[in-house]
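Here chain A shows up in two complexes: once beside chain B, once beside chain C.
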Partner chain A sequence: MPKVAVVAYGHTKFSNEDLKIESVLLRATKNLFDSTPNLEQKDIDSVLVSTNNNSKYLSAILSEMTGIQPKIAHSVESLCNSGTNAIVSAYSYIASGLADVILISGAERYDSPGQILEWDNMRGEFKHPIFWASIFSKAYKREYSISEEDLAIVPVKNHKHAKKNPNAFSQKTISIEDVLNSKKLTEDLRLLDCSRPCTGGASILLTSEEFCKKFCDSPIWITGIGQKTTSASFTKNQGFDKMESTKQAAQMAFQMSNHSSENIDVMEVHDAFSVCEPIALESMGFSESGGGIKMIKESYSSENFKINPRGGLLGTGHPLGATGISQTIEIVQQLQFKAEKRQVETASVGLVHNMSAAATSSTVLVLEN
Partner chain B sequence: MNFETELKKGKFLVSECPFCKIIVWPPSDFCNRCLKENSWKECSCEGKILEFSKKENTIFCVAEIEKSLKILGEIISGTPEIGKKIKVVDCGITNNNYFFKMAIIE
Partner chain C sequence: MPKVAVVAYGHTKFSNEDLKIESVLLRATKNLFDSTPNLEQKDIDSVLVSTNNNSKYLSAILSEMTGIQPKIAHSVESLCNSGTNAIVSAYSYIASGLADVILISGAERYDSPGQILEWDNMRGEFKHPIFWASIFSKAYKREYSISEEDLAIVPVKNHKHAKKNPNAFSQKTISIEDVLNSKKLTEDLRLLDCSRPCTGGASILLTSEEFCKKFCDSPIWITGIGQKTTSASFTKNQGFDKMESTKQAAQMAFQMSNHSSENIDVMEVHDAFSVCEPIALESMGFSESGGGIKMIKESYSSENFKINPRGGLLGTGHPLGATGISQTIEIVQQLQFKAEKRQVETASVGLVHNMSAAATSSTVLVLEN
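Coming up: the complex of A and B.
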């Protein structure tokens, strides 16, 4: 299969700014152009936009605002994993020969309609994500004798990492006590267990092998892709202490890239809520069932940035359409040894895990330098 | 028969494929296995608790009904435990949201 590289990226600071969605897309894209020598508008032959915003025709709008006249231009929406879905679409256009240089821009506002899946009436009155997260937390704690205090290590670690990420929403260190004393949303979920909806944008440039060297000396290759959607309804999940779509997506990505969990040097994991991080690690085979928290505690105590160096969703914030792209940018920076204070020591293979709607759909990407 | 029209009246229907002999859930006009037209029947409304949590004074749970479909609803009486039997005693639509109220029956 033809090779596809990530060669450039741009990012806005994640915040609670009241900006039009077009402005967020434009800012992330301007940042990409500003940091990419040799890139001109005429080089880009396709533009994809990733968002849950209700505005229409955003890829054409972004193209006009940035002076691009692309061949392929459309939006991609798949709730929280819209960003990696757009990357997979772009990969496919390049691998098929339909395009060579694709701009993908993801953005969301703090008041995104993508936060609630209105269709899922089987959740009754309990449609807000805090309810599925509470059910997952309760099930996971019971099944593996994990305490609320054990789970609190996840936001503590990720806020610590986010403090070294200038684009992250959170810039403060928090303690286990801070998490346990934060507002109780339900019996099984506190405020600091939750990622924060915010305004933010992230843009990334994918090219074919032929074009990559024009824009970048150290292209990062997408070598594994796995995607699985098991349902749309939260209640269709088979068990609430594991993520079947994540498990299958990881298996596909590992098979395509000829890697396994043992080869991954650094990863961004979709920690929409504290409990998601250990369950995702276990579902992808990084630890045995129930062992995710032990792995996270060891990573924290050894000051290792391997899991969610960017700060994850908990520390960085979660502007849905931008999240998967922001996660991918972090892994690209790590593999280019440009992650500054967040840099892991050895980085040759990285992984992105991005999922939607109570893990009913997952994307896993493997990237290599 | 329309699922939502009946739910508004407090009647809980399920769609069933007469060919595959399965309950199709979420409710749909067509079977998600053979894509033929479903029929509708009244739900027994009985099932068991798979998982539960609590927000302030509201206990919510995932319940498995008729050993096949799962819903998220409120437990309005009894002390919840995994596996305990429940019955949907009230259902309907308010503010465009479905609601399912359950009582523990043992």
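Coming up: the complex of A and C.
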């Protein structure tokens, strides 16, 4: 299969600013152009937008605002998993030969309509994601004798990492006690267990092997792709202490890249809520079932940045359509040894895990330098 | 490049029914399954949805409703051009090797938010497509000394064709006089010059060469793809009696397929308004500038179905996200010699032309049997 590289990226600070979606897309894309001296508008032959915003024709609008006249131009939506879906779509346009240089821009406002799971009438009135996260938390704690205090290590670690990420929403250090004393939203979920919806954008440039060297000395290759949708409704999920779609997506991505969980040096994992991080690690085979928290605690105490160096969703914030692209940018920076204060020591193979709606769908990417 | 085939399709009747978008997607997809005896849910590895509807996660929802657990699943939006964008995206997933069997379902409600061009502040208060269509009509009539009566042949022909299409919204025969006596919406546009927003769905199944024979004895191949976005704003359009994006998309599709306008036996053209059909024909090279109406009149008087056999958008109705897929289904049926009362005599090479927002973006597909 033809090789596809990530060669450039741009990012906005994640915030609670009241910006129009077009402005967020533009800011992230301007940042990409500003940091890529050799890039001209005419080099770009396709523009994909990733968002849950209700505005239409955003790929054409972003193209006009930035002076690009692309061949392929459309929006991609799959809730929180939109950004990685757009990256996989761009990968396929390049690998199929239909395009060579693709700009993907993800953006969201703090009030995104993707935050309410409107369609699932089986949820009754419980359409906000905190309700599925709460059920996951209860099931996971009960199944593996995990305490609320054990789970609190996830936001503590990820806020710590986010402090070293200038684009992250959170710049605060929080303690286990802060998590345990934060507002109780449900019986099994507190405020600091939840990622924060925010306004933010992230843009990334993918190219074919032939074009990558024009823009970048250290292209990062997408070598593994796995995707799976098991359902749309939470109630069809198989078990509330596992993520079946994540498991299958990881298996596909590992198979395609000829790697396994043992080879992964650094990863971004979709920690929309504290409990998601250990379950995702277990579902991808990084630990046995119930062992995710132990792995996270060891990572925290040894002060390495292997798991969610960017700060994850808990520390960085969660602008839905931008998240998967922001995650990918972090892994690219790690593999380019450009992650500054967040840099892991060894970085040859990285992983991105993104998902939607109680892990009813997941994407896993493997990247290599 | 690996070959990609259309092997199955399903369609709803286009109507003004007040259905939920999920129901429209489901109806079109059920129709596809019902007409494809060998198809099982587990054969389908990807599901794309094409729509302007504001509902999220529709690809996962359609998958759950139909019992499919796909790898790739997301929505695609690019206004009226969404359906053909989704087809091109599916093509690239298959040609790149990421997928083998992809269901694409397009659907819209009569009250689609894609009918108002909200973003373009340069339009002042004139955000409804009738205003750009009116300016195109004025410019085209003036430039080539075309009369209102000349243009009226387009809806007359397309309503005539639609009468032979059981899924079309219009089942009425209309005359030149009917068009000229219909309600005047602007100085240069009457009601029967406009396609009708409606509720409708169309689903299509694309496969790799390896899988096509399981589902179909007469696969139709997508051999040419062209796409171009020149702007988002109408005011950046180059000339109001031409379609630059359509011209470039056609050139790309002809080059890729090694065909020219002379080889095309049958085509669906995006006639959102009467004036669009001759301009699109001219921009794709089927006639010299200003000669489109003559070509349409000849086609009408010789009673052939070469141009918009389905009835175009004017006769069939225009449910935005479904339109490009419905157009493609028509050309597939023609190339399979299954178009019944609309069948053209010779059908080896067919063409689909779709576009958005005053032809600021266009897609052209070439299909062959």
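Here is the rule we go by: the second predicted complex is superposed on the first by the 369 of 369 C-alpha atoms of A that agree within 3 Å, B and C clash if a C-alpha of one lies under 4 Å from a C-alpha of the other, contacts with A are read in each partner's own complex, and residues count from 1 in each chain.
Basically, a residue touches a chain if its C-beta (ideal position, glycine included) is under 8 Å from a C-beta of that chain, and two chains touch if they have at least 3 such contacts.
Model, not experiment: these values are computed from the prediction.
Visitor: So in the superposed three-chain picture, is A:Ser82 touching just chain B, just chain C, both, or none of them (first/second/both/neither)?
Guide: Only chain C; A:Ser82 stays clear of chain B.
Visitor: Is A:Phe126 in contact with chain B, with chain C, with both, or with neither (first, second, both, neither)?
Guide: The answer is first: A:Phe126 touches chain B but not chain C.
Visitor: Which partner chains sit in contact with A:Thr186 here, chain B, chain C, both or neither? Use first/second/both/neither.
Guide: In the superposition, A:Thr186 contacts chain B only.
Visitor: Which partner does A:Ile72 reach: the first (chain B), the second (chain C), both, or neither?
Guide: second
Visitor: Classify the contacts of A:Ile135 with the two partner chains as first (chain B alone), second (chain C alone), both, or neither.
Guide: first
Visitor: Which partner does A:Ser356 contact after superposing on A: first (chain B), second (chain C), both, neither?
Guide: second
Visitor: So in the superposed three-chain picture, is A:Ser233 touching just chain B, just chain C, both, or none of them (first/second/both/neither)?
Guide: Both: A:Ser233 reaches chain B and chain C.
Visitor: Who does A:Ser59 touch here: chain B (first), chain C (second), both, or neither?
Guide: second
Visitor: State whether A:Glu209 touches chain B only (first), chain C only (second), both chains, or neither.
Guide: neither
Visitor: Comparing chain B against chain C, which has contacts with more of the residues in chain A?
Guide: The partner with more contacted residues on chain A is C.
Visitor: Can you list the residues of chain A that meet both chain B and chain C?
Guide: 118, 233, 236.
Visitor: What residues on chain B touch chain A, complex-wise?
Guide: Touch residues, chain B against chain A: 25-26, 50-55, 60, 62, 69-74, 82, 94, 96-100.
Visitor: Report the residues of chain C in contact with chain A in the complex, numbered from low to high.
Guide: 1-2, 22, 47, 52, 54-57, 59-61, 63-64, 69-79, 81-82, 85-86, 88-89, 91-98, 113-114, 117-119, 225-233, 236, 252, 356-357, 360-361
Visitor: Per the contact definition, I'd like the list of chain A residues that touch chain B in the complex.
Guide: Interface residues on chain A, with respect to chain B: 118, 121-127, 130-131, 134-135, 137-139, 142, 185-189, 233-236, 240.
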